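Two complexes follow with chain A in common, the first pairing it with chain B and the second with chain C.
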Partner chain A sequence: MEEARLPMSKAKRDRRSKLTSFLFVLPYLAMFLAFLFFPLVYGIYISLNDYNLLSKEHPFIGFANYTRIFNPDSAMNALFFEGLWNTIKFVVFSVPLLVIIGLALALLLNSLPGRIRGLFRTIYFIPYAISVSVISIIFLWILDTNSGLLNNFLMSLGFDPVPWLTRQPFAWISLVGATVWWTLGFNMIIFINALNEVPEDLYEASSIDGASAWQKFIHITLPSIRPIMLFVVITSTIASFNVYGQPYLMTRGGPGDSTEVLLMGIVDLAFEQRELGMASAMALLMSLIMIGVSIVQFKISNRNQEGRKAR
Partner chain B sequence: MKRTKTWLGIFFTCLLTFVLAACNGNSGVVDNEGGDSGEKEGSGDSSEITLWAPFSGPDGPYMKEIVDGYNDSQDEYTVNFQIVPQTEYYKNVDLAINGESNMPDLLVMHGDQIFTYAEKDVLRSLNDLMGEEITEDEYHPNGIEGASVDGEIYGVPLDIHPLLFYWNKDMFKEAGLNPEQPPANREEFIEYAQALTDKDNNQYGYVVPTLWPQEFIFPTIVNQNGGELYKDGEVQFTSDAVVEALEFEKSLIEEYEVSPKDVQQDGEVTLFLQGKSGMHMNGPWMLEQWEESGINYGVAPVPQLGTEQEGVYANSHNFVIPKSGNEEKLDAITNFLSYVGDNALAWAESGQAPASKAVYESEEFQEVNDQSPQVAKQFDYVTFAPDVENWGQATSPLMEAVNEALLGQKDVKEALEEAQQKASQALEE
Partner chain C sequence: MKQTGKKTGLIILASIIALLFLIPLAWMISTSFKNDFEAIAGGLNWIPEEFTIENYTYTLLGEEVDVPIFRWMFNSLFAGIAGTAIIVTIDAMAAYGLARLDVPFKKYLFPLFISTLMIPFVITFLPMYMQFSNMGLLNTYAVLIFPYTANAFGVFLLYQFFKSFPKELEEAAHLDGANKWQIFAKVVVPSARPILWTLAIFSFMQIYNDFLWPLVATNTPDMRTITTGIAIMQQGSFVSSYGKLMALTTIATVPILIVFLIGQKQLIKGITQTGIK
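Here is the complex of A and B:
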């Protein structure tokens, strides 16, 4: 008791609190180093080698893997950029839907009475907890051109069967639809929490001023949840960039190679062709692109906020 | 109220953890002996050998039966059998080779993989082992050929698994066809298919897949046309035999209309299981699914759908020995392989046909089930994947072309020319 009251020198106290903070961070840091940082550095190293998993020697070749990716005459060039283009298409189609429908569902659930709200929140969240292989099998059965549930239904109404997974643009519609149904719950939960954080008195004040529901949404809700919105947009973008299971299991990259996303090419290269060097180079380029996109999203959001403040 | 909420929270967290954990559950090695594999591997004891196999499907227990039978039959040697899940199999093999640790003493390898591993010099040539306990003539010559590269034998064949032909006997009866008589050639095939098709009832003669297992079907028809996908160091995707094969498959959909359009992944299997597809082609591994579905089906060699000759595309399972292995264990390995050669009847029960003459020429084999003898009937004219490095990279453009042409989204010649160009580029690098 007596000791604790002794005044510590400021420097000592600082050092001590820094040490405590560091101890708190340590477990995370250890995990980060072991499972993220080290593999990343090792991946960079592998990408600079001609690394075939079965070869005894893995000669250092500098940036040759990267120059092959950017050489238009190389098969690797087509593999990378066609895959990247298909991935970008998926990101562009899925992210707006994941964000807008997620927010809409959150708003809808928040206006429900308490008890039912919890029930529906659980119902909408459950698909997120199911693995991608199960989701894909469910949708394969629903969407089957000739014997699927959906087409049976459409045909009984007198429509022609729709080639959901074998023709564009239906293949993209199906993949995006399945993804939205699968992962929507996560965004919804985050939005619900964000909506609960918006101070109630702002709504009350605006009601007194005679604001409509739409005006409240635009001028109070959206600005209040902006940081969460940014988080959801960035995490959804990253998740969509990493799309693999749905096209791999549902369309096998078809029709033709139109839904062959970049990760499918990289995984094939790494584990079927055993070309770990080239696969690592592609994976690193892909992460650089993802980091770039996230930074741009961050910048745009910040600029908007500053613009708003200035006004 | 508050309490139930907390418990609900805990419950769902547990559920979530369980589901997530289950997703990652099927990786790694399953040790069938129940002991810890780490200690057994690499032990200096030359009487104990480790065997890896990708038989994580219904075929696993049959192989286990053979290994158990061997272990019980003598006291000198012990085989420690480990199943590695099929999807993880070559990943595990590659990592073991790469790290030069935890290598099994003996492993099962598909015929189409042997070339790649032999080229990388990681497989032991078995030529010097042939002649005493195991000899070449104990196996079907095509089995030995499928496990050889340039005259060097790298594998002892377990089975050969070609494409098979299945038909729905009930549908044959209804269409006025003889339910015990599968078609023998292209003319009969088309004639039967037309008789079986009843579009108004969503019923078809033969549903043409647009994806897997075209990897088996398409090369089969090309071979029957007298063609080859790879010859004289070049891919032959624009040769007449290849073009004709694709045009024939396409005509089943568009000209004869015995197949629905826009068949998706596994769509042809679903329709066959539902009794809405009269004829079907797939590998021997489908036996379990057909049996479970309860359809009244028959099985036969693939009819001659090509214009020139009998032929069928096949793959195989072979026992191979890694080059880095312990030479002192060779006695145990040859002793075990010789036992398998004589006692592989259990493997036939899985619907496969062992490549060992002692089995497929025996009377018991003819009665083991309906399927395996039909598999063995095709042994004499099977064709395997060509011995080319990166053949996988050459076939994927071909399968894309087949997919687009059969979906009616690209002209046959145009699609094949594009595939030819992509595949040549991939093989050049």
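Here is the complex of A and C:
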């Protein structure tokens, strides 16, 4: 940017211009530092302290919180790894459904006549607009053993009522079902866009070769939407790792502790037992695991990609 | 002939799936007009035998139990609107600066911002709680607004837009003697309006619907948001009054559903634009 009219030296003009430009970034930078960067550093620091909110002293204890988590005799070990295990179960149950059904719905919508496509897309997408507490309470009501809509429907067909929220595996089925219902639309939208960007002439060429619809799907559609598929898998995995509201409101972590996910354990540790240091250590480990899983998913997808090219 | 048959089959399938998406919401509304006896008795009647609006008058006006629903609604809407206004403003400025202006260290700043998109929320919410607690700001609007403004999503979304923004418009304004701020306000922002709306709708929905953060960062009845307030009622006074709970969830859902239906196009655009590329 030149300010030809002002009689200033080039260096001075340059500095002025940079300063003005910096002011554009400054407000966001301030928020970023205060509410993202600082908490990040502060969280690492807290995790190295014996930080109980109820006591006045918060001594620095190095990695003691972390060694306690990894010490099999410690109660913290059980809390962390049982919670992690329950979270992983939820991830493993929910992510394949979120990805596969999301893609299936996108394919279904794309094969509908254009006039009604928008209507159905809106309907499938609506739950995404609603908060997790509303979703959980609606499903809590629908899945109620005695008065719920689902059991009343099943009983009218002659089946016995199912303890949807108080017995396994039904509790997992309920949590996963409610989650799929809630967030499926988001993945579907991403897939619709990806499908629309597959070049039309690829399909035309294979039609001439006499390929069936299934062959087209396997050999053209899937390879073309591969990067989007990876994106959906990673974002769905992260979202499922962060699961909290559904088990907190629908099953309260039960039956037993079977749906007590890691984030529930961390929140409980921090706000009921006031063990901020230990809870921060667990939150950090959980984040590292999430980042690690994303990287592994990314690597696996890339390796397959290269293998395909080599062939 | 066969083609039409197949199309009809697909439409029927799509309609059945649509019902699965609509039934829970329809049941919520249906239950909200039933009295507690009829709700608890179960059954499958969609039209209440004894149609009543008492659940709504009870939750809105408050009788034996005081439900500060207007306050919660105000908190959610205020935090949502204020937070959204801040996010759109500061993200647009930062993204424009980084994409187009000679910001010092911009080579490092943009990657630094974007890399935090990978950082899970769990890593920051406990220290952020401590931070606000140390400053004595728990149970204030600050806690319901500012944490969302640090999210790099908007900077990322708008950066891509400003990168591909035609230079000619800016240059023409510059020749007319406009400075950076004037160019930004009079040329750049007006042409970025659609994408700014996309960011606004995203941000509003995120703040209005957030659950865990307002749940831990507020604990007085006055400072709850609507999403946390109804969770408190579900565990408290309304524990098995499903008629009242459904009235509450219906009221909570109406504003966000309106925003969603109006802003759907922008929302979809935002999802697909940041998706990849």
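The rule is simple: the second predicted complex is superposed on the first by the 275 of 311 C-alpha atoms of A that agree within 3 Å, B and C clash if a C-alpha of one lies under 4 Å from a C-alpha of the other, contacts with A are read in each partner's own complex, and residues count from 1 in each chain.
Rule of thumb we're sticking to: a residue touches a chain if its C-beta (ideal position, glycine included) is under 8 Å from a C-beta of that chain, and two chains touch if they have at least 3 such contacts.
These numbers come from a predicted model, not from an experiment.
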Fit or clash - chain C, chain B, common chain A: clash
Partner chain(s) touched by A:D257 [first = chain B, second = chain C, both, neither]: first
A:T122 touches, of chain B and chain C: first, second, both or neither? both
Partner chain(s) touched by A:S131 [first = chain B, second = chain C, both, neither]: both
Chain A residues touched by each partner, larger count belonging to chain B or chain C: C
Which superposed partner A:L284 touches (first chain B, second chain C, both, neither): second
First (chain B), second (chain C), both or neither touched by A:L112: second
First, second, both or neither for A:A205, with chain B first and chain C second: neither
Chain B versus chain C as contact partner of A:F271, first or second or both or neither: both
First (chain B), second (chain C), both or neither touched by A:L54: first
First, second, both or neither for A:N146, with chain B first and chain C second: both
Colliding region between chain B and chain C, picked from 44-52, 152-160, 242-250 or 260-268 after the shared-chain fit: 260-268
Intersection of the chain A residues that touch chain B with those that touch chain C: 122, 129-133, 140-141, 144, 146-147, 249, 271
Residue numbers on chain A that touch chain C, as the complex places them: 1, 14, 17-18, 20-22, 24-25, 27-29, 31-32, 34-40, 42-43, 46, 105, 108-109, 111-113, 116, 120, 122-134, 136-142, 144, 146-149, 151-153, 156, 181, 186, 189-190, 193-194, 227-228, 231, 238, 241-242, 244-245, 249, 263, 266-267, 270-271, 276, 279-280, 283-284, 286-287, 290-291, 294
Chain C to chain A touching residues, read off their complex: 7, 10-11, 13-14, 17-18, 20-25, 27-28, 31, 39-44, 86, 89-91, 93-94, 96-98, 101-104, 106, 109, 113, 116, 118-131, 146-147, 149-152, 155, 174, 179-181, 184, 205, 208-212, 216, 227-228, 230-231, 234, 242, 245-246, 249, 252-253, 256-257, 259-261, 264, 268, 271-272, 275-276
Contacting residues of chain B [partner chain A, same complex]: 5, 12, 15-16, 19-20, 22-23, 90-91, 94-95, 97-98, 116-117, 120-122, 202, 207, 210-212, 260-267, 270-271, 274, 276, 390, 392-393, 396, 400, 403-404, 407, 409-410, 422, 425-426, 429
Chain B contact footprint on chain A (complex, rising order): 52-56, 74-76, 78, 118, 122, 129-133, 140-141, 143-147, 161, 163-167, 249-257, 268, 271-274
